[in-house]
Structures are given as structure tokens and as C-alpha cells.
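Contents: one structure, followed by commentary.
Per-chain numbering from 1; labels A, B, C, D and E assigned in written order.
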Amino acid sequence: MLLSVENLSLCFRTRSGVVRALEDVSLSLAKGETLGVVGESGSGKSVLSFAVMGISDSAATVTGGSIRFEGLDLLTSDGDSLDELRGAEMAMIFQNPRTALNPIRPVGRQIADVLLRHGGVTHAQAKAKAVEMLAKVRIPDPERRALAYPFEMSGGMCQRVMIALALACGPKLLIADEPTTGLDVTTQAAIMDLIEELARESNMATLLITHDLGLAAERCHRIAVMHAGHVVEVAPADELFANPRHPYTARLIATTPRPSTSLAGLEPIPGSLPDLRGELPPCRYAERCERRTPDCDRQPLLRQGDASRTVACRNPIMGDAA
Amino acid sequence: MPPVILLIAKRILGALPSIAAVVVVTFVLTRALPGDPAAYFAGPAADQESVEEIRRKLGLDKPLPVQFIAYLGDLAQGNFGTSLTTGQPVAADIAQRLPASVELTLCGLVLALVIAIPLGIAAATRPGSWVDHLARVISTAGVSLPVFFTGLLLVYIFYYLLGWAPAPMGRLDLFATAPPTITGFYLVDSLIAGDGAAFRASAAQLALPALTLGLFALAPLARMTRASMLGVLSSDFIRTARASGLSRGTVLVTYALRNALLPVVTTLGMVFSFLLGANVLVEKVFAWPGIGSYAIEALVASDYAPVQGFILTMAVMYVALNLMIDILYGLIDPRVRIEG
Amino acid sequence: QSRDESLLVVVESGTNSLDIHAVGANPASYGVTWNIYDRLLTYGTKTLADGTLSYDYSNIKPELAESWAFTADDEITFKLRKDAKFHDGTPITAKDVKWSFDRMVAVGGFPTFQMKAGSLEKAEQFTALDDHTFKIKLLRKDKLTVPDLGVPVPIVLNSELVKKHTTEKDPWGLEWSKNNDAGGGAYRVESWKPGEQLVLVRFDEWKSGPLPKMKKIVIRDVPSSGNRRALVERGDVDLSFDLPPKDAQELAKGGKVKVAGAPIENSLWYAGMGVKQPPFDNVKVRQAVAYALPYQKIMDAVVYGRAIPMFGGPAQPSKAAWPQPSPYNTDIAKAKKLLAEAGFPNGFETVIHINQGVASLSEPMATLTQESLAQIGIKATINKVPGANWRAAMLKKDMPMFIDTFAGWLNYPDYYFFWGYHGQNAVFNVMSYQNPEMDKLIDASRFETDRAKYEEQVKGVVKIAWDDVPRAPLFQYYLDAAMGKKVQGYTYWFHRAIDFRSISKN
Amino acid sequence: MRPLLDVVDLCRRFPVGKESFLHAVDNVSLHVQRGEAVGLVGESGCGKSTLVRMLTRVLDPSEGSIRFEDKEIGYIPAARFTHSPERGLIQMVFQDPTESLNPRFTAFDCIADPLKRLKGPWTQASLTARVEELASMVGLPLPLLTRFPHQLSGGQKARVGIARALGPEPRLLILDEPTSALDVSVQAVILKLLDDLRLRLNVSYLFVSHDLNVVRLLCSRVVVMYLGKVVESGPTDRVFDSPAHPYTRALLSAIPSARGAPPLRFRLSGEPRSPIDPSPQVCRFFGRCPEGHARCEAEMPDLQQLGPDHFAACHG
Amino acid sequence: MSETTRHIRYVLAENPVTAGAFAGFALLILLALFGPALAPYDPLVSNTDLALSPPSAEHWFGTDHLGRDILSRVMVAARLDMQIALAAVTLSFAFGSLLGLLAGWHGGRVDRMIGRVVDTVMAFPLFVLAMGIVAALGNTVGNIIYATAIINMPFYARMARAETAARRDAGFVEAARLSGNSDLRILAFQIFPNILPPMMVQASLNLGYAILNAAGLSFIGLGVRPPTPEWGILVAEGATYIVSGEWWVALFPGLALMAAVFCFNLLGDGLRDIIDPRRRT
């Protein structure tokens, strides 16, 4: 396993109470694999990805579990060795690429900064490599564009620059936190194609965070569904769509418009995400669940299934599972 | 760089109406001053008649618009009039005293920047901590003290009680000789002349007044640095930089600070205006032979020509300064550079 | 040059001209002129009761003139020194003297006015008989003529040098001499930064007196009185001038430095009343005010004893001197009674004007006065008039009440009253006081040669001034200078500037 | 029957710098029938919001006519339109529910404001009753009415926005990407609500979106814009099944489909042309179009009818 | 609303400095209201026998050169200083925000014209302009207030302009138009309440500057008329006594002045924290 997150729990201390943003989150990611993480807004997707990168907010405290990258426990290693990893071995791209780039530094310089930090190269080499990276993400006229500032580029181009920046040192893991929200559908497709292609080329693993189930379905090998800080289900993409086991997954699929659905077929999920402050029931979905049993509130959350397919539910949908 | 020259030309052109307005306002304001230069010139024992005679000679009996035209004519020839208090042409007085004021103001500003920026950064990197509160209290205290009070207090403590600072009487103590005038800044001139003694002497004289000004300018700068640093540190691109494993120093300085400086640079203009005002008081306390003390004396004596000359110089300087700030801003921020 | 040979002086504000004749020259210019130019005559010195040296107005001495004599009843002839030179090396001749005197009476303004006080009015009065003989013809017999030749105004300029810089508009070269040294005095100007400092160096070929001890004089402007005090107290400067009374008193007590204080001759601080403006046109009101003034409080809290009280004296003038203590004293009951008699049992409202230029003294005085007047029902507000406007305000003569000072250079009571009380209504008669009886006495005393008669006349004037009280006298102020213990020879001069020629350090 | 809204050759140019213009909306014609829901799609910056702001009459067109219920309203200056009787009849739901609610107004005030301005007179009681009626109509719990926008969730804010727009009983409701900022499940709720309201109140919709799946759910007709121009319009089914313009095709192929499904690889490359002073001869899509012909660079294609009510502007 | 109170309470609890500033502000208001009644002595009555006596049990802050009780003078001065500051700030706030609103809303020529006016005022070093105005018009309390108001006006105008311009195209403004609001109504009821909070912060900072400004004017002799107690004048009068060791004459009024300005500045910071939406989640 390239990355394995085990029983990770994380909370934020805020003035209005402790926010239990992640609880007992377990995930794993193999080399070259693409894992999608989906869920409603506020379900903890970004918090998870920031925890993996070690760039959590200062108010965050990990209360349990571990994150291992190639066997190295990221939570216990010191800041310097993490800095060595970040940007070199694992990299991240963000939503809203325009603001995610330094507005007053030429994009080429920003890429070169990362290369100089990790690549063991000279200034000239870094510059050349930056141009090369820009060319690789199909930015026309890369020499000139390397000197351009983010505000001189469109959103799609900025996202390409972000990708070039992330991939500059050839990381083994790419975390993409909603890389295409805010972009056009057509640009979104092109960007996703690019990520997919580059990942395949270098056998890079990708953690794709999105709230668009359709996108995850199209791009990922496996998908993890998150709800209120819990990973409720992990399954291969096609299986997840064909046979969702967790009631939340099923509802999420049903509420996503697809080319084939009709308005009548859209089924909204009742209720909303619980407030993560204060006491929470063992199953955080129970409140909204139509398959809730008395056990759900009494017994601790049960995770069942094998490595390829887990579900955190006492009463999963077993439908036409073989 | 032609675009820069174009920008400068445009800014100067844009400032002309303001300067024209300043000339008019200054003229009206100074003519409203209660003094009577004719009575002053007429001497101690003049009677009403001889005062009228002098008034006629000075052209002060003419209607204001006529006087204004005459004033404009003089201005066009670079003639700012003559000061009653020093008896010298105002232009010469200002030329001689301006470097003193500018040197002092700049030293105060530099001192403030040198303290304020690290303080602001320290506060922003640990918001809510004791450093933050301390920075806030220090800088707020600085701006809460009336400058003349700070100045007097510093003189009392460092000169009178402790004897660490030299006597507060101008730019050099009585024994040092001024370096040959090149820039008019004693610090610079003495370095050019290689005169270590003069440099030390002028630096020692500068220390307290510059500190007084610096304390005053500290607050807006530290506060702005803190606020903009906080904003920048929580922005997306800093997260990107951290996620790229860039070292803490690079993130803080190359990425965060440079961005955070933009609003600080803008505040500089305002701070400078405050400083020029505070300068007037500080110069009075420290017997600093700058244009501020010159202006106060003239104002209290209802001596128009120096007041007009002073305000005009200040306005021109302020416009020039804003121009410099714009250019500096453009150097830091490519966005304005392109939009021009 | 050792520190012992140079004198560091701090003053509140420096000169604005190197030539006292220039238009708008300020009081500080008197001192410069005094030291860099010579006059024909000067005064000797005497020691005051407290040991302070003072000029002696009864002892007139030659300066540039080797000797002088009344060669006729209406003619004075001066023999000039043969070896005297200007700073540029040219010899000083009677031609220069003539040109200089012509200039004084021609330029108008203060110099002309001051010369007129000594009946020196027309160019025709002055003749250069030869290179070293100069003659003044008198228009009338005036006892002020000779003393007036020793004031700072009648300086002898290097006429050839100045003439090189005259213009059509400026035939007397005032613009040039304002910024340049054309003198032959004991010191010459080494450098001058207006508003900052003036450096004088000794003119080694000066012949009009013993060569001064100090080789270099640095006069620095330090506006803050606190700083001036600290500087001298800490020994950083040799002499601090323009000291406020409180500092003078404390420094004198402190013993670290010497304080030389001399009552300023022929001067008086007073509370004036515009006699043309009701209710001050009523003499009872004025007397009521004079009885309501907080004299002792002012002595204690404003001048800290650095003045001679000018109240609580005998009912009749005891001598023919000015100033002398008036019979008034703080007596609220009497003041109330007088006010009631005047028809203002409940008082009235008025405004006290003060000169902001001397606010450190006049403001507390006005505040105390205001408080005191309130006790007899007079509600006064205080109006601070900017220094430069003070003269214009005086000229307007519309101030109901004001606090001010006046001093004459020439120490003669008649001189003082002529400018301050005479019905000719000069600018200094701010009260617009007119009393034919007094005018007659003043006019007579000015040219009176009989000592006894003169004294009678003066006493008469003083008595009227007391009874009519257009001005309620407060105190005679000290001129205080603090100096390091080493400084010797500081002398009080009527023109209230420092004569560096007599100063030495040991 | 005449359409409810008939727009002919509407243009809007913004001056940029000296003598340059940004052609945000260029000769756009479209119509909306009574009770009909029309979708307007196109990529970011193609002029959808500009068009919609002209239609709601908060922005003055540079040229062209807007007829609403047979009355020309395009020439009434925006400032005057506020006081015209049609003001209440055209209402809009904004793209960003947060930004479009005054942070200092409670939900109640937000909904009541247009009622007070455009309807009435009201007594306090009747106003409260009407606001509560609207709130229940859009499914906003009544206790939330006293809250400020920052105390409401995204979906709740969207409902306030819809209730506000419905208050003056508009005939035409313009929805500028009303769900793009919302979660899918909230989006589903809102979509259902909108559809329901349309049927109940017989309002017409002009629904702006860049999500084709959403447009398809709600609209019977769709208009596709590209860089200020309409490039295709037609019944939703026809446009989806047989898109005639390459841009429409690219849009459709960009919709994510389940993994393994044969991807419709019809990707756009290159950058869009500049909207500033575009050449009137060159097709706006030229340069990005996978099919670009020589003719496309020489002649701007016009809308051509391809079927009943189906138009496209392409030479190909 | 209750949430707002809770938020305020939180900000105050979290930040003792701000809480202190609020307390100080309350104290100042109390002093301004009741200072003259509370003062132990008549601030105007002199007693030259006691002149310049150091702090003692009778005179906590000592006495000044005329033997007046400094504590009483400092207390009584609070009212005048607060009056000057509040009046000046109110004036500049009113005119500045009006100009700023107009400029920001209309843009174009109106904006340029108003910008000119503002630039002209700003082209003067502000304190110097205040000096000029007071010197020209005479040193009355009214003129000090006008001068202070004029020099502070540009800050409000600029701020209001920027804040208005930023909101001119905001969704809620457009929504208000759609709701049938005229421009004037939008400005008054939609935009103004929104720009008010940041302007209040500015106002609280300016209260401090206004007091400093008045004090500076007093220092150079352009302040209110004697013997009215005003902090600036008290310090200026006391300044001459520092060197001779009578530190209390300047120190206590100086401290009062500083405490007030300090308080206003911190208050501004505190207000900023309270109204900053990012700080309330």
C-alpha cells in the first residue's frame, strides 16, 4: 500500500465546542490507483486530505489513528522530513486554482521554487524544467507563459499550472481536492483527462476528492463515500453504482442527476448533516436513515466487508449481491 | 521602460488639479490669517498712516483676486516671497531646511518599518498569543501618545536623567561641523565625505526625534502588516506553498510577506502624511531646523509667505511620494503594472 | 580651538537680519548688530547690588570715537580712531560714519524712529569734516541725543562695500547688509543659518576696545525653554538666554550654574484698560480693577520672585523714577465698593487680550486676573492674540483689557511716558489715554534741563498715571541669563542682548 | 399566440479602454412562451448573466428589443423601470444565494422587501401572513424567518431567494444558476420545488445553467450560447439527442458518464477567442472547434433551421 | 440578536485587552457626563500657595503652576475633549460618508469630482491643514472641531467610496432593484447599513486622532482658550515643568490623554473583531 489511513480521528477545537470532523477513518491507496472520495459539503473530505498532507489548520488535533505513506508514519515524523515528502513524494492540487497560486509571482518561478526545494537542481535547470512541465500539461507557448502571472491566465490554464506544480517532482501520490469545481464542464473534462493521463504515465496514485458522483464514477477505480466525518462505504466504482450497500450511498446516487434520470426519479436525501459539535450517535447517518434499527443507536458503528469493499452499517442494503 | 514613464507623466498630470486647488486653498487660508504684515514691517513705533503706506507698497491693499494673480505670477518665477521671521527668501529657507525634515521623517519611517514589520509578522503568525497582544499594546501605545509628549519624555529620560542622548538642539551638536552639502542629509553627506565623527554626531542627534516619530508611525504599519499578513497566511496560495513542502522561511518571506506588503505600501502614503504633521511638533520639541518648525513659527507669527511655501512644498512632496508608492506598488504587484 | 575659547549660547529664537536697519529686523538682530558693528559711543559698566554687572547709563564712553565734545551749543564733534578697520581691512573713516547716519534717518521704520528719539532727524545734521572728524548739528537741545548714540541703531557700516550692492529700489543696500557683514566690530559673522545658528568669530584687528577673550561665539536657536534650561544645567552650553522666571529661580537656587538677573530698566508689566471703551472710560472702574488684581499671586506663581513688585507703594511718588511701586494693592472689598460707585454693582463682561508670543507669562497672569476679577463680578474671557498680530491689535486700540509690557531703551521716565501715556496717542499708548494735564507735564519734562524741576514734573506725571490708572502696574521684570560657573563678564544691557566682548571663561 | 417574452437582436457592449468594446451579448434573439421553461447554457463568461440582467431590466441593452407581453420594455432606462408596472412581473433568482441576500436583512425582511415596494398596501398582519405563505410555499420553516443570511444554510438561502422572487407574483422567473453553489441533494430538492411551482403558478422560467443534466430535467427547450452568440437552440430532447453545433457536442460529451462506458471523446482544445472587438466575419468558435473550416474564418455562420424549432449556427 | 450578544461576550472574554478598552470607554463616558460633579476641587480656582505641589493625599495628581488641582482639571477636561472628539468625528463621518456613498455609487464624473476634493484635502499634511484652519479662523472650540472634521473627512469618504463601490454590483443590490427599490432607497437602506460597521471602526480610531489633533494644536498655542482645562493644554502647560522635575503636571494629563486615545484605538480593534464575519462562525 502506498498510503494507508487507519482509524484516523481528528477534531477542531473551536470556541463553540469541539468539532469532531473525522472519526475512525480508514482508507488505503495502492500505487497507480485512483481513489475517489465523495460526500456532501462538510463531510470532511478536505479535512482528510489536509491531514494526509500534514497541512491541517492549527486548531486541528489528531485524536487517534495513523497515516502511513510507504510505511512511514506521517503523524509521528518530524516537520522537516514531512517537508521533504510534501511536494516531492506527495503533492496536492486545489479547488479554485486562480487563488491557489501566488498572484504576484510568475508561474514558472513558482514551479521552479518547488524544484529547487526538492529536485536538487540549479536555478537554470529548475527554470528549464518548469518550462518543460508547462509544456507537459499542454500549455501553449510554455516559455512565454512561464513568465506570466496567474491573473493573466484563464481558470483552466491556472489549473494546468497547478498540476504542473504538483507533478514537478514526480510524486507518487497526488491528492486532488475538487480540482474542477468552478471550471467549465468542457474544461473540466480536459483537466481530468490530463490528470488521468499523467497518472497513468508515471504510475502515480491519485486521491480524487469531489462532490460530483458522476465524475468519481467516470474517473476512479474505487470510491469512498464520506458522511459527517465517517467513511460509510468503500467500493470499486462500478460496484458502488450497481450495488450501493450503505443507505447513504444509495440516496446519494439517486439524488445525482444523470442523463437518464427524470425529475420524478430524483430523490433528495432527507435531513441534513448533523452538527459535528457535541454528542453524536454511533452512526452519524442514523438520523436521516430509513433503514435505521434500534441497534444503530445502541451499538457502536459496525464496519463490515473485505479489503475491496467495506460498509459501515448495521443494516446494509444487500440487494442482488452475489 | 516607457510604460513607467507614461505612468509617471499621467500621475503628474492627474495631480495638477489637486495642486492647483492646494494653491488656491492655501492662498485663501493664509490671507485669512489674523496677522498684518504691514504692521510688522512698519516697525515698533509706526502709526496708522505709515502702516497704510507699507500696505500699499506690499500690494496688500488690492482686492484678493488681484493679489492672487500677483502671487501666481511670483510662483511661476519660483518666487515664494520673503519670510518675515527669518528675513530670507522663502524658497532659499525651504531649500536649506527641507533636507533636515526629510532626513528626520525618513529615519522615523525606516525605524517604524524596521520595528513594525517584524512585529506585525510575529503577531500574525501567532494570533491571539501573548506576542500578538503585546504587539498590539506596544503599537497602540505608540500611536496614543501625543508626539510632543513622547518627545519631551524621551528628552527628559535619555538626555536629562540618563545623559545617554546628546542635547536636543538640532542636527549636530555644537562642536561638530556639518559635512559638505551634497544631498543635504547629514548621514549621507558625512559618509560620502568619510567623516565618521560627523556621522556619529548626526546619528546621535537623530536618534530621539526619529524614535519619537517612529513610535508614532509604528501602529498603523504594524497593524496593517498584521492584518494583511493574517489575510495572506490564510489564503489559498500559502496552503499550496505549504503543500509543496517549501521551507517555512520561503513561505513566510517570499510568498506571504511580499503579498502582505502591498497594503502596507499603500498605508505608507497615509503614514507619511501623519508623519509630516507630527514632524511639525517633533521639530519644535527637538529644535530641529526643518521646515516644520519653520512653518509653525511662521504660522504663529501670521507670516504668510513661508506658510504658503511650506504647504505647497508639502503638497508637491506628497504627490511625488504617492507617485513613488505607485511605482513601488507596481514593482511588487504585476497586476497594476499591466493595467497601467 | 579649545572649548575654553569659544562660547556656546542658546536663545529662544535667533536673528532674522545681520543689520538692525533692515525692514522687519527682529529684537535678536540688536545683539548681532551690537557685536559686529561699532558705534561712535558706548556705555560704561557698573556692578549692581547683587553682583551682576550692568551697563551704566550715566557713564557714556567713546567707542569708535576716540573723543567727542560739544564744540558749540548745538554741535558735537567726534574724533575717530585712526587705526580702526572694517572686517575687510578697509579703514573706517568719517565718510562711512556720515553715510551710515544718512542711511539711518532715511530708511524709515524703526532706525529712523529711534534716531528721532534723540532728535537726529535729517542728513543735513551730519558732516564728515575730514577722514577722522565727524560733526553732528543739533536741531534742539535734547538730553537724549548723546545717549541715543550708544544704542544699537547708529552703527557704522562699510559704506563702500554696501554701495557695491545697492540697487535702484534699494539705494541703501538693506537687502545685502541684511545677509552680509559690513561691520568693523569686535566680531565678524562666520556663518549664519537663519532660524538655526549664528557663528561669530573674533575680529583680531578690532581697536575700539580691549580685544575680547572669546574667539568664537556659537548662538543656537532652541525654542523649548526646558531644553535651554537642561542644556545649561548639564553644562552643554555656556550661556542660556531668555530663561523663564521659574527656571531662573530654580537654577539660581540649585547652585550648579550662575544666574545673572537684572531688573529691566524703564520697563513694566501692566494690566491695561482701553479708556475710550465703556465701562473703562470710568476711572472708578479702572481703580476697582486695579484693586482687584492678584498682585502677590502673580509675583509668586508667575514670575517666581524674578521681578520687583510694583504695587503696595506709598500713596505719593517718592522719587522721580520709573517704574516705582504704585499705591494699589489687592483689596477686594475696596474694589467692590468702587465698582458699585461706578454703577456696576453686579460687574460686567469683558475680554482680556494677551500676546501669545509671551504667553508663558501673560497667560497665567491673565488666568489669575480673570479669577480675581470674577470676585468683584467682572466676567472676563481671555483672548490670545498671535504674536505677529499683537502689533496690529495694538494699533487698532480696541482692546478693553490687555496684559502687556513696555520698555524703553533710554532709561528716562519722560521717555517712557511720552511713548506710553502721551496724548499724541503713539502705538504704545494702547489704552488711547489722553489727559492734557499729563501731556503738558511730559512735554515739559522731555526738554527740561533743571534737575529739580524735572523731578517735580516726573512725580506729577507718575501721580496722574496712578490716579487715572489706564495701566495698573504689576511688576518690573528681570532679564535672566544662566551661565556656567566659568563664564565671567556677562553684562546686563538695556537692549537685552548679550555683549560678547566683555565675556571670558576661566 | 405571441410569446410572453420576445427578444430580438439584443446586444450589449462594455467599453474597455479607449475605443474598444467587449461584446458580451451579440445579436441574441430568443423567446419564452407562457408557462414554458427554457434553459440557457454556455460556458463561463459567454454572456449568460449579462443577457439575463438585461432581460430583468437592471442593465440597459446597447441595441435590440425586449418585448414582454407585447410591450416593448427594452427602451425603458433601468432606473425608471423600477417604477413601471412590469417590474413585479419579471423576477429573478440569483446565482449566488449568499451574495444576493443583504447580510443586514433577516429572511423575513428579504422576502417582505419586494412585497412592500411592489405590492400592497399592507398591514403588518397581512404582510406577515403573505411572507409566511411564501415561506411555506418554498418549504422554508417559519422559525427561520427571523434569522440573518449567515445563520442559514445554502439550501435555506436559496429558498429565501426563490420566495423573494415569487412574492410579486411574476409571470417570468429568471433563474441564474440557482443551484450551482449547492450540494446535489439540496439541488434535487430545489429543482423539484421549482418544477412544482411552475406547474402550480403557471410561471415561465428562463433557467440559466452550465449543467446540461439539470437543464434537461427542468426545461423543454434549450438555448446554447457561445461567446455572446446563440449557437444552437431547440427542444431539449432534440438538442441532446442530435446536437448540431460542435460546441453543443463538446458540452454533451463532457458530461461524466460511468466508468467503462465508451467515452465520447470530443474534447475542445485551445483557448476561447477574445470577446473584445471580435471580428464580425469569423465564427466565434473558430480555433477551438475540432472541425474548423476555411469558411468559418471568412464568414460568420447564421442560425439555420434544422428541424421544428431547432436552430444551429454552423457551416459544418 | 442574542447570538450577537453572545459573540460580543465571546470576543470580550477571549480578548482581555478589548474588554479593558470597553471598560475604559465606559469610564470616559462617565467622566464626560459626571466629571465636573465628581471632581474634588473647582478646576479653575487657583491657590498660589500650593503651586506645583507634588501628588499628595489632598491632591492625588498634585497641583499646577497656579495651585489648581490637577486631578479635578483632568476629570473636567474629559467632557471638553470628548465633546471635541465626538463632534468632530460625527461631522466628518456624516459628510465623509455622504460624499463617499455618492462617489462610490455614481462612479464616473461624480466620483472624479469628489475624488478631487478629497485629494486636495489629503495633499496637505493633515495636521498642518488643521493648524492653518484654526490659525486663520481663530482658536475657538468650534473651529478646532471644524478643522478636525475637515482633516478626517477624507478617510470616511475614501472608505465609504470603496465599500460602496464594492457593493454597487453586489447581488443583493441588484435584488433590491428587482424588488422595486429606487437608487436612493438602495443607498440608504441597503448599502449604508452594510458599510456602517467598518466605518464605525474608523470612527473609533478617529476619536483618538481627534483628541491627539486637538492636543497638538494646544501644544503650539492654537488650542482652546485658557483657563478651560483640556488635556492637550494641560500637557503643553506641563511640558515646561518636566525639565525642572515637576513631572506630575504634564504626566497625569498626558496619561489621561494617552489612556483615552489608547482606549479608542483598542476599541476600534475590538469592534473590528466583533463585526468581522470571518470571526463569527
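Keep this in mind: a residue touches a chain if its C-beta (ideal position, glycine included) is under 8 Å from a C-beta of that chain, and two chains touch if they have at least 3 such contacts.
These are the chains along with the protein names UniProt gives them: A = Oligopeptide transport system permease protein OppB; B = Dipeptide transport system permease protein DppB; D = Oligopeptide transport ATP-binding protein OppF; E = Dipeptide transport system permease protein DppC.
Everything quoted here is computed from the prediction, not taken from an experiment.
By the document's definition of touch, common neighbours of chain C and chain E comprise B. Number of steps on the shortest path from chain A to chain D, with steps defined by chain touch: 1. With chains reduced to the mean position of their C-alpha atoms, the one farthest from chain D is C. In this assembly, the C-alpha centroid of chain A lies 53 Å from the C-alpha centroid of chain B.
Separation between the centroids of chain B and chain E, computed from CA atoms only, is 23 Å. Between the Cα centres of chain C and chain D there is a gap of 90 Å. Along chain C, residues 224, 226-227, 230, 356, 386 each make contact with two or more other chains. Residue positions 14, 135, 221, 239, 242-243 of chain E are each in touch with at least two other chains. The part of chain D that touches chain E in the complex is made up of residues 53, 56, 58, 78-79, 82-83, 87-88, 90-92, 94-96, 99-105, 113-114, 117-118, 150-151, 161, 164-165, 168.
For chain E in complex with chain D, the residues that touch the partner chain are 3, 170-172, 174-183, 190, 193-194, 277, 280. Put simply, chain A touches chain B in their complex at residues 53, 55, 82-88, 91-92, 94, 96, 99-106, 113-114, 117-118, 149, 151-152, 162, 165-166. Partner chain E is touched in their complex by these residues of chain C: 224-227, 229-230, 244, 246-247, 250, 294, 296-297, 300-301, 356, 359-360, 363-364, 366-368, 370-371, 381-384, 386. Those residues of chain C whose C-beta lies close enough to touch chain B in the complex are 3, 8, 10, 13, 16-17, 22-26, 108-110, 113, 178-179, 193-197, 218, 220-224, 226-227, 230-231, 234, 236-237, 356-357, 385-389, 391-392, 395, 419, 426-428.
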